[in-house]
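Have a look at the structure below, then the notes.
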Amino acid sequence: MLLIAAAWASVAVTIGIVVSLLAPTVTFFTHVGLGDFLFGTEWTGGFGDKFTWDDKSWGVLPLVVATFIITVIALLVAVPLGLGAAIYLSEYASERVRKVLKPVLEVLAGIPTVVYGFMALTVFTPILAHLVQFNTIHNMLSPGIVMGFMIVPTVASLSQDAMSAVPLALRQGSYALGANRMKTTLRVVFPAALSGIVAAIVLGISRAVGETMIVTIAAGSRAHLTFDPREGSQTMTGFIAQIASGDAPQGSPVYYSLFAVGALLFAITLLINLVSIRMVRKYRQAY
Amino acid sequence: MTHVEPDLATVPETVGVPGAPHGIRVDLGGREDRTPAGEPDGVIELRNLEVFYDKFRAVSGVDLLFGSQEITALIGPSGCGKSTVLRCLNRMNDLVPGAHVFGDVTFHGADMYAPEVDVIEVRRRIGMVFQKPNPFPKSIYDNVAYGPRVTGMKTGNMDDVVEQALRGAALWDEVKDKLKQSAFGLSGGQQQRLCIARTIATSPEVILMDEPCSALDPIATAKIEDLMVELAKTYTIIIVTHNMQQAARVSHRTAFFTAAADEHGQRTGRLVEYELTGKIFGNPADKRTEAYITGRFG
Amino acid sequence: MTTTTTTPQAAAAAESLRGKHGRDGITSAVFAAVLWLCLALICVFLFFILAVIVQKGVARLDLNLITNQPSKIRAETAGVQSALFGTLWVGAITGLIAMPLGIAAAVYLEEYANPLKWWNRAIELNIQNLAAVPAVIYGILTLGFVVRGPVSIGAVVLAGGIALALLILPVVIITTREALRSVPQEIRDGSLALGATQWQTTWRQVLPAAVPGIATGSILAMSRAIGEAAPLILVGATTFVTFNPDGLLSRYTTLPVQIYNLVPQDRDAFRDLAYSAILLLIVVLLAMNAVAIWLRNRYQRSW
Amino acid sequence: GNNNDTPAGGDSSGEALSGQVVVDGSSTVEPLTAAAGELFKEEQKGVDVAVGTSGTGGGFKKFCAGETDISNASRPIKDEEKKLCTEKGVKFTELQVANDALTVVVNKENDWVDCLTVAQLKKIWEPNSTVKTWDQVDPKFPKEALPLYGAGSDSGTFDYFTDEINGKEGESRTDYNPTEDDNVTVQGVSGAKGALGYFGFSYFEENAEKLKAVKIDGGKGCVEPSVAAAQDGSYTPLARPLFIYPSDKGLAKKQVLSFVEFYLEKNQEIVEAAKFVPLTDEQKTKAKAELDKLKAQAAGS
Amino acid sequence: MTHVEPDLATVPETVGVPGAPHGIRVDLGGREDRTPAGEPDGVIELRNLEVFYDKFRAVSGVDLLFGSQEITALIGPSGCGKSTVLRCLNRMNDLVPGAHVFGDVTFHGADMYAPEVDVIEVRRRIGMVFQKPNPFPKSIYDNVAYGPRVTGMKTGNMDDVVEQALRGAALWDEVKDKLKQSAFGLSGGQQQRLCIARTIATSPEVILMDEPCSALDPIATAKIEDLMVELAKTYTIIIVTHNMQQAARVSHRTAFFTAAADEHGQRTGRLVEYELTGKIFGNPADKRTEAYITGRFG
């Protein structure tokens, strides 16, 4: 039946992803040891076919670290702002205010990431340069912050749903005991909604990890291991975009490395997401 | 929501009330003897209470004097404004968007709605128990300790406070070994008693209860009823109930409300009759009261 | 209501009710202020971005923008017509693939599938996972299977549409299921109790009732697709194109891809053009969002 | 559209053509070919020229796979690439369309460097170079950080630069910011005081007010990059020719042949519009000869 | 959900039932005279019915014979399985994931669960009306015409079919001028009658009703009750109700269910008593029935 086929299409897509990633990735690992890949600190994939298998420069750590740092910066922005907004919308705002503000948040989520990328590069990096000394115009701080704002709606909207789902009875119980709104929010509503809030944050993380244009444009394309957010470094998605748009010659080491990085990215987001689904499942029947 | 069917063996035998006009059998639980006579010694008084939800007048013209250390039952058909009146008594209506309260509500003679009144203090001193048990998703201990903590009460040892409250709610023996466990692990009746314990822990003077047994099975109901009678020695209790037998069993006085539509079809709740419980069930003065307690409507 | 405090007893009671939680009130107010600040900051950021774009983009927001093709020579009158049309083409292809497929899958899962069977649960879990897969991965998939690989249609507009359709498919499925779920069970029961078949019930009752929800979700998903650049760069949207697509196998560029190329250009005139293109894209997206919100409010039903 | 190609043959002048010309390859040459495409479209409304920027190397990969009609290149085709094309049965012609001077640029505020020798550039760019600040290049320079921007490895510019400076094609340090997009270099260098980068001359000309070009000392004294210096060969070793490579299959389509003809005949006009370094007369004559050969070939087939 | 309090003026006067043991007053609406005697002339018969939801046994051991052109009421406390039994009668339980039906369900003696039975046909011939009025989001006309259309009934003029059905449901006069308007514009009681009209339009033999009045006000309830009595001249009606007065007023026979917990705490619904309605309310044989109808539990 047609409907079943449509449902299976999603499975086909997954299989397609796995297949299209798997074979080249396996080839990659026949040349590069998994340990060298995962723990190597030098990445020269950006140099395309100039590099051979023997160069021993296939350590993905610089890309992973850059991804990690930018994600952390984004979360440092998105989590407090998103949760603050969510609490306000769920516990403080009137129905009317909520009706106006929610679409505003959605607009933030609807702005194309290319735009965010150029805003980071051409507007926010110069502004930040007044506060922080950058060596190059590419850095991880500016795209991290902008990305943080980009994922605010994801965090805020889902957390708000989770908090609004906390039964009114719990709030009333708290108020009836003489608690004020802040205490009711922080001590009753927030803990009760925690699983949903964590799931929202996790979804925000997977969006940050997978985001491409902002980092490609604003974080630069130099892959090097650094923990300094004032420096630019290429992320996993940035590498994929760079190589794919430069059209890596099929069969060259860098061609295979593209898929290896893609597979790693896929695995990471899958893991994050499975954890979040598990988390939501586990605490769903809390009340 | 599960609704539990009573185990018949535990339903207490009822006794006919002499003089009950149509033979409806109400159980006054042997408490007729305690029924105070005359005007109650008032803790909370309502005068000309009127409550609006936005433009909708939900109740109007209610005068009531709630007696100290008595159990007062508010009964009446659904939508007549019982819960609305109850929520006025500890200003829970403040939280309902669009709700406006007019008229006098006094607590020991002091205006409860005066601007300088601290609503937190009002709610601490006039506790409330809800229809569905609503324990917090915390441990049993933390549920009870919550009130004293958030109101910043100066308590000695919190452990003692929790124990006292749980004992007061006749729950201590059942939970003393699992205080750190989640309150959700308790049965419905235990949860409701936990909610009562939680309320007691803030040392209120008055406890409001809005259909506290309607989600419980008969055994749990019987336990809560016994508990109410016990609590009435210390606290003033005001209870909303749909179950007339319950009102008859536990309360000293009963207020009967109903809602009548005006010419525009607006239905406003009004107090019909407020009397000693024995009188309401035995010899109601109003035809509507009689129709209600004999089960012809509602 | 202040006439009652007459007796000494009442005065004592009034005193006892007076505020003891003053400091508490201050922390509480500070907390509310912090929350408010969070929202304010978010709004400020949004309006700042929009203001920058409008300020820089409004200069070149003229008719040339949509009547002229991109130009390397005449920056001052260059337009982005090919990109606008490319976006429309890609958007249409995306919608035509993702919506029927997504809605069909959602109908199966919501109305037919037995949720107790492991394979249906597996599909469900799988869809949730797919929704979190990064867009570039869909780019790689399409590159490997459609542009090259088994299908090998090349870097054409159909391939771009397929990449974006795969990207939003899980979102369409999830939002459609949400919409179907909000159709009350009573409607289904009512229909089935009259002797309607499952298919008649779905087709004549459930789907029509869910249309507003499905439309809203799909529009939001489409607006996400239209703003995407990364997967299209992967599947080879060409950078300099001076003609509009005229078929599924035509080469193309889209607004986000064009913006990606225009903004860092050296000549100021090109950069102004880029900002106008951003403005154009955002206007298109905001219009789509507005339609979605309008649909939501207009057809929101309280059953 | 791609489905209404006009087959070549006969006299194409004056006839209205239609169809697509698909070009990819060097990002250096892209503005030039794009300008040619635009001007061509004024004469032939029905012909669409699509230009991509995969880099010279990337462009040849697609070209040899038969995906494109013409490949832009900022260096001559390599032997391996020739071999690949032969294997896939793609025959092609090399046509020089402009000159270029690879320009080394620094920040406007950089007041300590005016001229660099090839040896100094090598010190900066050679594989495993440890130069991180300017004083490591020359003790007279300040201790300013030296972020580097350069071409990505798929580009002809990278091949050419590494070949000329480091002595072997493709040999370079790897800890710089590689990019296929020269605008990123413009941004990067204009954004950091100590930054240095390199790209084609036309990019520099368009950004002359933002960047400063460094004179190059190739052994015969410091020479500033300029049109004249690029044409007369005095700008050594970084002056280079730019090419297009039409395939025979492509030229079999009337619109492609006509476009290539146009590209060479109106070369002066196109190069000026795109602000490139024009061909010398000698180079023009050579290109004309090639073109005539092609025309004859097309007429013959 | 709004719950409407009855307008006292419209509640019909009740009459005492002679012999009712404790004087509870039920209104048999003057229909004692029509009460059929002895065994009903069965349309649907249940033998040893047992229903599981996955591993949970919801009802067990139910034997019932529903009389043709009679109104049979199923009463009992919440959760005793009334709705479950009712859904077995037109195989709506097929749609509940995990529901399994055992025992015999026969329609005019034919096994309703036999493999060759067309469930669509079963549902057409045994119509159902639900607790909450559930009109489709279409016009009034389309609501009524939906059943005949989807079941491909050979009807003459659809307009006539719609008019007939609406007349049958005593709704025609109220809606004849706005057939093309949305059914959501009708009041709750009108919507419920529309649902009945919708059911009649497919010419069923039996109409099942699951608490059809519990969302309605007393006036609307009275109208539906009158309609049921009218319909019983043509159709067999089986109604689940919580309202004992209603069961007493309209039904010919009443089946009383309750649920008892077994040793594992599993609560399974069982049929306690099935009798003529007058007997059930006047002189119940079972102590549990008596406890229920006198309001001591439930």
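Per-chain residue numbering starts at 1, and chain names A, B, C, D and E are given in the order in which the chains are listed.
The criterion applied here is as follows: contacts are C-beta pairs under 8 Å (C-beta built on N, C-alpha and C of every residue); 3 or more make two chains touch, one makes a residue touch a chain.
By chain, UniProt protein names: A = Phosphate transport system permease protein; B, E = Phosphate ABC transporter ATP-binding protein PstB; C = Phosphate transport system permease protein PstA.
The shown structure was predicted, so the numbers you read here are calculated from the model rather than taken from an experiment.
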The chain pair joined by the most C-beta contacts is A-C
Of all chains shown, smallest offset between own Cα centre and global Cα centre goes to C
Chain centres computed over CA atoms; the one at greatest distance from subunit E is chain D
Euclidean distance of C-alpha centroids - subunit B vs subunit D, Å: 87
Can you check how far apart subunit A and subunit D are, centre to centre, with Cα atoms defining each centre and the answer in Å? 37
Rounded to the nearest Å, the gap separating the Cα centres of subunit A and subunit C is 17
Let me have the rounded angstrom distance from the C-alpha centre of subunit D over to the C-alpha centre of subunit E, please. 85
Shared interface positions of subunit D, touching two or more other chains: 184, 187
Touching two or more other chains - residues of subunit A: 121, 180, 183, 245
Can you name the residues of subunit E that touch subunit C in the complex? 90, 92, 95, 97-98, 120-121, 123-124, 127-128, 130, 132, 134-137, 146-147, 150-151, 195, 198-199, 202
Listed in rising order, subunit C residues that touch subunit E in their complex are 114-116, 184, 186-197, 200, 204-205, 208-209, 301
Residue ranges of subunit D in contact with subunit A within the complex: 54-55, 57-59, 61-62, 145, 147, 152-154, 170, 172, 174-180, 184, 187-188, 191-192, 194-195
Subunit C contact footprint on subunit A (complex, rising order): 1-11, 13-14, 16-17, 20-21, 80-81, 83-85, 87-89, 92, 101, 103-108, 110-115, 117-119, 121-123, 149, 152, 156, 180-183, 186, 203, 206-207, 209-213, 216-217, 237, 240-241, 244-245, 258-259, 262, 265-266, 269-270, 272-274, 277
Parts of subunit C lying in touch with subunit B, wherever the complex brings them together: 1-7, 9-14, 16-21, 24
